[in-house]
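First chain written, first letter: the chains are A, B and C, and each begins at residue 1.
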Amino acid sequence: MKRLIYIVFLLFGQATASYADTELPITVVRPTTYDAYANIPVGLTHEKAIRQVPAINPGEYFVPPAVGDIPTSKYGDMVKLGRNIFIDTQHYAKRYVGNGLNCSNCHLQEGRKPYASPMWAAYPMYPMFRNKSRDVQTFEGRVQDCFRFSMNGIAPTLDSPEIKALTAYAHWLSLGAPINKELPGRGFARLAKPRDPTPVNGEKLYKEECATCHGLDGKGQKFTNRDGYMFPPLWGGDSFNHGAGMSSVKDCAQFSKANMPLGKGWTLTDMEAWDICTYIWLQDRPWDPRFGWFFNIFAPPTGGN
Amino acid sequence: MSLSRTHKYLLAAGAVFGIAFGTWVIADTDTDADGIDDLPTLDSIQPRVSSQQPKLTLPNELTVVPVVKPGEYFVPPRLADLPDSKYAQEVRYGRNLFVNTQQYAKRYVGNGLNCSSCHLQEGRKPHAAPLWAAYPMYPMYTEKSRQVITFQERMQSCFRFSLNGMAPTLDSREIQALTVYAQWLSTGIPMGTIMAGRGFARIDKSDDPSPFHGADLYKNYCASCHGADLMGKKFTDRDGYMFPPLAGPDSYNKGAGMQKVKTCASFVKANMPLGKPYTLNDDESLEVCVHIFLQDRPWDPRKGIFMSLFMPVTEG
Amino acid sequence: MKIQKHETEKQLIKMLGLVILGVSVLTLTGCGKKSDESHDAAIAAGKMLAEKGRGSIPACVACHGANGEGLDAAGYPRLAGLNTAYIDKQLQDLARELPPPGVLIEKVSKDYSKTPRIYSDLTVFSPSVRHDAVMSPIAKQLSTTDIHNLAAYYGSLSFQAKPVAADYEVLERGQDLALRGKPEYGLPACVSCHAPDGEGFGAGFPPLAGQPAAYIVSQINKWQTGDRDNDNLSLMRAVADQLTDADKLNVAAYYANRSLTVKGK
């Protein structure tokens, strides 16, 4: 009987709570929609209001072949599979992915965008020596690392169709790119570091510049009409882990500088990018799979710079 | 321990066969050694035969050999230009593997060949399947495996067929180093470009090749290096082959690309006799290759004992 | 006897449980009804205004169609099934007189038909204005409640797009831009903010699919001239600045060609 009474109380508590949540007065509009630009600063100078970004001349960056030009052959089928895996990893390589990201969340625009580590600049450079593994690594091995760290999952084997298809896609994207030559737009942007970054400033900037899409809690935004994320999570259980490249403040800042906010690359100053990424770096995310629980709990995460 | 009578007979028969086989093998190697000893030794004072009796008449048919103009074929980077880095170490290791597979990848090789036995001049020579023309094309669909394979997998099948061995795994240091070497050789080539000098030469067949004529041609053009028995020539002062064997247990197996008469002929036309390419015409190289094709060599590893013994070889 | 007593107790408990369940369910539905009522009232008021107009305010259905499906030929946008907060904000911005003080607006005069990429500067803060010769005078007459009601009404309508046929090449180019953007010029793909099918996402990113092609083109033109400048972080202005005339037509044709089904809320 006691238990029953307890349940009654519980139900009533829930009922009242839901009542408070659902009610909205007719006339009042949510403050965000009513005045979304309450934070417009007063007294802006021309230099602060207008930010100069580098103009891009035609032919400055390598242009990979168009998707319509994928050949109708077995090779073309492999390329198509690779592209599908690349832009919808959640679906096509589900069992190897441990979080909510796709390849194209970092390698923007299907791995084509310069300064967003495009495939056409990476593939001709591999095999390459990497400091992370302290060894010369093939492209396939590098893709495995992506699955292990950035996707927080389990790497497909080297002879798996996933790795082969991704390699074929990267090869097709870099058709015409010279082998072993550094192309402009490779990797991320290069940054200056005028002072040590502060996460306090970073938090402020994050709320201004990033929270619209990635959410104030940094957990991204999920689709309402389907599975998956519309805007990828930056931290939390569904994001990349502590061993990922993006978990290093430097890589993150270099990426943000050239690409974020989406469509407005190069508008953050170098220092702003450092600050935001330090704030992101301090958040909780999955553990580094290279370390055991002791190091993950008691040692500071790597990549702090 | 009691063996039935049949078992005893079987054992005895096996022993007898073993002894016979052993003797045959020993005898075989003996003749090989004799062959080397039988080579004509020239007196240091005596002038060489060719200069003693100069040809007074020109040959009736002159063979026109294509002239290579400078810049016609891609020139890969020089090994000496490599800086001192981890990457360069891997490139050098890959090159060592490539030119001296017998030593550096011993456990994966089942015969007496090196990579550079077919991919001449460290994989640099045009029309001898140069690495710099192959690497930019992979991953590629191949008829042999009926799927798209990566460069690493292509090298695995080289180990399996041409080197008649066991393929190193895809993450092994050997495969990785060879990939690095190939990538370094193709530095500067646009990805996916079909380079001049890729693969072998083109072959146009005008007549069905005859192995009898091929045997004659072999004696004239090939036997001085590869031996009249096609078993190649071994070094006398060290291990390994000076001239690679074209048949026998130390050669490529029946699944290899060279076992295809056409592939072999296109290689021969563009590269053989070494230093005198394009002197054999298309039909002659085909005939030579039919002669080579008919010799004994290791079985195709894709097939079992029955198929290998009783079925005709397919790639003719 | 003991067993009987035990069973009656059990039955009692069962009954009690059922009663509690029923009561709680009733309370919950009651709560739901209450909020629904307010929502329904807003929808009804919005519907009245949309269909009949009021005083000098013309009826919305006159231009935006009987079910808010828009008018393809004239380029009047569809409103059915749009995000409520989005409609709300747009009407507020249309009614706004002048940008708030302290914000500079660059007058841009660039030739958008020629070079693929022309801009070299970006306004960081948008002044939240949207100007339209037809709609702005109407929006100024609407009260906050009117706007809320209209938004609730149009957000509740469901919508089925009628794909408009277009040239194959135009569609292909439009698709290329919509799915991949122009990476070599730093132009992001439409789908990276407006959702994979162009169905829009949240209050900040309106749908592109199901909008008349003429509307999309005219809006991009307005971004470029500065008549519309009311997005968050001025993201869309940065994007619109890089679109050539051909791009606008291609991508508008592509999205007018998409099929889309929206369920009203």
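The definition used in the following text is that contacts are C-beta pairs under 8 Å (C-beta built on N, C-alpha and C of every residue); 3 or more make two chains touch, one makes a residue touch a chain.
Since this is a predicted model, take the numbers as computed values, not measurements.
A simple rule picks the central chain: find each chain's mean C-alpha point, then take the one closest to the mean of all protein C-alpha atoms, which gives A. Of the two interfaces, A-B and A-C, the higher number of touching C-beta pairs belongs to A-C.
Centre-to-centre separation between chain B and chain C, using Cα means, comes to 69 Å. Rounded to whole angstrom, the centroid-to-centroid distance between chain A and chain B, based on C-alpha atoms, equals 49 Å. One inter-chain figure worth recording: chain A and chain C are separated by 26 Å, centre to centre, where each centre is the mean of the chain's CA atoms. In chain C, no residue touches two or more other chains. Looking at the complex, you find that chain C touches chain A at residues 13, 16-17, 20, 24, 27-28, 31-32, 34-35, 38-39, 41-42, 85, 88-89, 92, 100-104, 106, 115-128, 144-145, 147-149, 172, 176, 179-181, 183-189, 192-193, 195, 199, 201-204, 232-236, 238-239.
The touching residues of chain B, counted against chain A in their complex, run 85-87, 90, 135-136, 138-141, 147-150, 152-153, 169-171, 176-177, 179-180, 183-184, 186-193. On chain A, the positions that touch chain B within their shared complex are 73-75, 77-78, 123-124, 126-129, 135-136, 138, 140-141, 158-159, 164, 167-168, 171-172, 174-181. Listing the residues of chain A that touch chain C in their complex gives 1, 4, 7-8, 11-12, 14-15, 18-19, 22-27, 29-30, 32-34, 36-37, 40-44, 46, 48-58, 60-63, 66-68, 108-110, 112-114, 116, 118, 209, 212-213, 221, 223, 225, 230, 261-267.
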